[in-house]
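Here subunit A shows up in two complexes: once beside subunit B, once beside subunit C.
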Partner chain A sequence: MNLFNRFILRIKKSTNLRNTSSFAETMELSDEILPSIYTRETDPVYHNESHLNKLYNIPSKDCATILSHGLMNQYKIQLKIFNEMSILIRKPSIELLSYLSKSDYAKPVNKYVIYGECGSGKSTLLYHLLHYGYNTNKIIVYVNHAQYWFTKPKEIKYSEIERNIIDLPIDTRIWLDKFKLLNNHILCQANIKLSKSYKWGTGANFPKDSSLIDLINFGIDQTRYASEIVAALVNELKQASRIGLCNVLVLIDNYNIFFSHYTQIKNSLKKFALTSEFSLTQNFLEITKSDWCNGQIIVTVDTAVNKDRQESHLPRYLLTKEGFEHLDPFLPINVENYSEDEFYTMIDYYKHKKLIRSLTSNGEKELKLLSGYNPYKLMDLCKHL
Partner chain B sequence: MVVLVFSQLIAFKHVKPGGCTYNLLMRINNNLNNGCLYSTEVSKKIDANDLDANENTKMSKAMKAYLERAKAYDDFIKTEENNYNLGKLHLSNMMGVKSTNFTQIDVDKAIRYLFPSGLYDKKARPIMKHPKDIFPVKKAAQFDSTGRPYHSMFYTTKPHYYKALYDVVECMHLLDATEDKLIKNDNHILVPIDLSNSQWVNQENLEGLLVEKISTEQEYFISSIEKLCQHPLANDVKDFIMIYRKLKQSVMQNSTIPELMYDSNNRPYILVTDCMRKNARGEVLVIGQGSGKITVNGLPMVNYFKNLQEREQIIFPLHFTDMMDRVDVEARITGGGPSGQSGAIRWGIAWALRSFVDLNMIQKMKVAGLITRDWRIRERKKPGQEGARRKFTWKKR
Partner chain C sequence: MSMFMYSKTYFFKPKIVNFIPLRSIKAKVPNTFVNEVDKDGFRILELFPTKIKKTVKYQKSIPIFTGREQKMPVDQDWPTVWPSQKTFQPHSVPLPVRQGYPKPGEGPFSKIANTELMKIPNFLHLTPPAIKRHCEALKQFCTEWPKELDSDAKCTEHFPLEVLYSDYCYSGPSIRDPLSRIITFKVKLSSLKLDYHAKDKILRLAGNRYDYTSDIITIITDRCPMRKQNYDYATYLLIALYHESWRKEDWENEKALADMEYYDWEKNQSKKNLVTIYAWPEIPQDFNYAHIPHAEEYKVAVSELINNGEDEHSINKYKQVVKKLMFFKPEKNHSTESE
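So, the complex of A and B:
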């Protein structure tokens, strides 16, 4: 598709075609006769090699819960216009799913580091695993926008307990809110009790054996204690999974931000704070330690969030020595750009969704060269206006 | 001895003897040999033979004045030449080189070494050259010692221009005569003249051809010779017409397309060096039998150029010639920014692809502006100004 065609497409789409589009019709059709690019297997638990290079839809009833932590802007708009969340089943996700189903949960937690070029689909892979965790009734500790905590937080507060620690009460409360939304049904089922008593100030007093949900609810209501409650939550989750009360899946996107020296927040000494000075960093570093079992830890590393480390996308470089030693031992998993088959699946998908029309074979070649098989760049080229 | 400045004479080589243009051109040639001799040596010849011997004979005042001027000029050049040789001797001494081997190149080097100059304009820097290279050559006499001009149209003040016009008319008459003959004989085979691959010379070139200053006369001359071109037998005098026409650039360039070379894997390739755009310089290697793999400085093109604009620039020649999945490209580029670098690579790819596509496609590429080189570079900032052209904001006080 040359530039001229794209231009025409833009004009067409920006005029009355949008109003008269057969968008609703397409949805009905897709329910009845599913195109060959889709698979009917919507449960990631049963995904295997036979589903490779196919798309599956997250069921619309679970969509709101699973995506409660928010999406990348680009995805948000796509979700709105397609009215469905489709995920391509790719080799690394099949590999990871098989590891998760086969691993011995009595042993200390396994750690996986997902790495790859910018825009190769690492975060999307996490959504796939998130769906897996949701379907297998695991408690999911999911962090996806950690970089914003250190660049534009909603509120900064120096901790009452330790002066040199920075709290982000509102951001923490928002995270707690999303955590509760994502795990509400399992928390109710498991009915986890606190292993020790907690007391902060005069109002906050939680004796031993009180419910974990109450603790979370308290953190959501009382914003000023949110940071301490996340610390307690991490502690209790580890304790509960050690006993075998629950199974925890930790998914952290852009994990290398915790070892970056680049923040825009000043500490009590009026100097730019390090990420390690934040209570949230300490909490999420705590949960990625190897001192607990009955859980899995999957993190991604990306060059996009670390401004002082841009040369390579490999985990050792991005995590730095400190982070590497913290995570070690872990299994690195590479997410590559699209293969030829995956590329054509996505092209068919965009065609099916009528984002691109009348694409010639020359146009396909051009898209290949311009995107270099990179998922994000391909999406950017074919996206809505 | 005698330097003939007329470039018309070069065209004689292509004319076959016996033809109708041949006679005409031979006459032009004779006129030229009588007329326009541009050299100081000629004046010397007159000086030596005529001045002393013909003292008693009658000589025109103009000739006398001319001879005086020529003598003064020769004397001046002689002293300058002596000074130059002496200076060269001193220079060779200073540089510690034998004076016999001391050439003009060595002089330039020595001057650059002894008088280093940071002046921007190269013409403003110190030079030392032979006086003949520095002082303009005086025009030789256009008349003999009795004051009689060599050229029959001397008094028109533009003899060569008017002579050329006369030649056009003469050709016209000649063609009319031959046409009459052909009609009489009734064997009328016409070959139309094909001038599509050439164009008329511009004013500057015409001045060079005629060795005369002309201004509005050029239009008149071109319109006259165009009338000649419209004659049904104009092909017979094509050689004469082609003197005043220049071949089009595209016709001249076609012959310079390099042949494909083959590497150890028997894959055809073309290496284009000196790719430039703005401040970017680099080279592009286009390899045939490829799959559309493009690397820039060892990185995939997609990773090297973050913006879509630059990637589209690079793909454009491949897309235009439909070679997107048939060649591999390896580019090495330094300097400049992304836009300049991508522009340089685009030109390099297009330049190399000429060897992979047919002539028709090359013409199309030329029309699309792919072959054209962009020579523009950043203009320097000027002192006393804010930028290259912009002046500082003017304030009353």
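So, the complex of A and C:
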């Protein structure tokens, strides 16, 4: 009995959103103290070349929703210290936003692959796009930290339908929870009905034309059906966007993990499973197919998640043959390290936030050399002690 | 307690007086036992007698044997001293040679009784004058080098096949060196007459015997006991390899996608993807891409990306082509890029 209680507690802990998105109440900048490094345009829809190399703040009222999927640890601490979520407007994000605004939503989805060196700001770019999707009332299918599903899952279950498929019920449920939190207002507006009836076991019965939110809520309540419900959700989202009920923005961080051969989980044959054996992988590969319209797919590839492939950061190498064939044709977008202007903007930002003080010109030069203009390294060098 | 014990065991109580040391002062006594007398016949009193110096008898040192190398004349004829290969002998070599792992604070061991120097092969018999003499002696058996073959390029052009073998003698029951039977054939691939199919096949047959950097096929034969047999076998292998690569078997037509030596866009998934996207929502019946604009450019870009290897340049080219293929709203000024 005690064990069972502990298990319940563990689930409750894991689903507590405070664990994943803990940040302080952010403060609005008043007009008179707004320095030149900031831009007043806080809506990414209107961002263009004139806002390049400037920072903008995600409004504090949207912050909790937009960042519901959680942040990188380093970011979390910075968010607490700075009391604001600032994003630098960079060239690739402007490029992507222009593509998104002018793409034809009646035709099949366009695919974009963001690549770049480790720590060059690919995931941060996704936050910018996430804010864009939120402001333009799109349903956002956002996946970050997918690598932890294959290394440290909370629970493993072999699928009841197919024995060689592995489900991760708790992780899936957590993802569903975050998905609902991010898209709740749009899901309520769009009022999407199911295109076909679903039935799993005795209790789970969803006839045709029942609400999609009910399906998601059922997945959150009944953890054991979560994997099947994500599959149904992907299917329904594609169906709904085909009809034109909603507009879907798919953002997947570290997408190349789905084509990696490295996991720490053993399958039913007691051998290390491939990532393709997971139901979550199959679902997110399904949504990145180009057989639907009224949506956009943006994924990032990174060397950090794939242990097999470390030599290059270029997309064809990281995606492997299968991944390239799955995504092709896609638009590769390179995220480079900071330019000279961006570097000084960030230095000014850190100075403004008093994270670094009394920095001489020699000190700036040293920071340049040490970081090599790499955003993550610069953040790491300037961080709190 | 201790005091009690003390008083009981010792009757003699030590006093400070008892500890004062007695100093004995030795006065120098004048030497009265002297035999020498002065001119008046008196014995001489020596108050401070002179010390008698000890005479040390030094033994006559035996001359150390300084080896034969010390006595060698400087202008001797060295090839006669060391005519052929032999183990190092310290007294035959007039050189201060040292070898060995030194102890801390010491130098390497000198040449005398040095096993390290004896172990390693030396080339003392191969001094320049010795070689010169060898060559002079061999000259009578040589023929003249053909004048036409004045450069290495001409040599490889007229004699493309290179045969390598070793001719060492073996110091054992039999003088035949076991390595002397091994034959190595080296031939440049470009010197063979091959078409596209034959070249592809010869590379697959040769496998790791072909070196891409130098374009050379190397065949090594060592399975037969005699050199001639190995030579014949290597010749046979080269001929068989050449003729087999020209032959086309029936099963070669069953070449699948995985067997391809290069990326063929027409046969790959990339083409199917493109046609399916443009035919959406219908499912395409035949994968004909003639009606798709910029498909030819895309084909070239993808093939180049995969065949030539991925780099920033090829990715950029791919990006520029895909940008044309993407579904964007027609712009207001009806530019050519609109799709």
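The criterion applied here is as follows: the second predicted complex is superposed on the first by the 353 of 385 C-alpha atoms of A that agree within 3 Å, B and C clash if a C-alpha of one lies under 4 Å from a C-alpha of the other, contacts with A are read in each partner's own complex, and residues count from 1 in each chain.
We adopt the following convention: contacts are C-beta pairs under 8 Å (C-beta built on N, C-alpha and C of every residue); 3 or more make two chains touch, one makes a residue touch a chain.
Remember, it's a predicted structure, so these values are computed and weren't measured experimentally.
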Task: subunit C versus subunit B on the shared subunit A, clash or fit after superposition - done: clash
Open item on the list: On the A-aligned overlay, A:317 touches which partner chain: subunit B = first, subunit C = second, or both, or neither?
Closed with: second
- [ ] Check whether A:377 is in contact with subunit B, with subunit C, with both or with neither, and answer first, second, both or neither.
- [x] first
TODO: Identify which of subunit B and subunit C touches the larger number of residues of subunit A.
DONE: C
Task: Contacts of A:110 with subunit B and subunit C, given as first, second, both or neither - done: second
Task: Partner chain in contact with A:369 - subunit B first, subunit C second, else both or neither - done: first
- [ ] Among 109-117, 145-153, 271-279 or 325-333, indicate the stretch of subunit C whose C-alpha atoms run into subunit B.
- [x] 109-117
Task: Residues of subunit A at both interfaces, subunit B in one complex, subunit C in the other - done: none
Open item on the list: Please output the residues of subunit B touching subunit A within their complex, sorted ascending.
Closed with: 292, 294, 300-303, 308, 311-312, 315, 318-319, 322, 324-325
Open item on the list: For the complex, give me every residue of subunit A touching subunit C.
Closed with: 99, 102-104, 107-108, 110, 242, 290-291, 293, 312, 314-317, 325, 328-334
Open item on the list: Show me the residue ranges of subunit A that touch subunit B in the complex, using the header's touch definition.
Closed with: 2-3, 117, 362, 365-366, 368-372, 374, 377, 380-381
Task: Complex contact set, residues of subunit C against subunit A - done: 268-270, 273-274, 276-277, 280-281, 298, 302, 305-306, 310-312, 315, 318-319, 322-323, 325-329, 331, 339
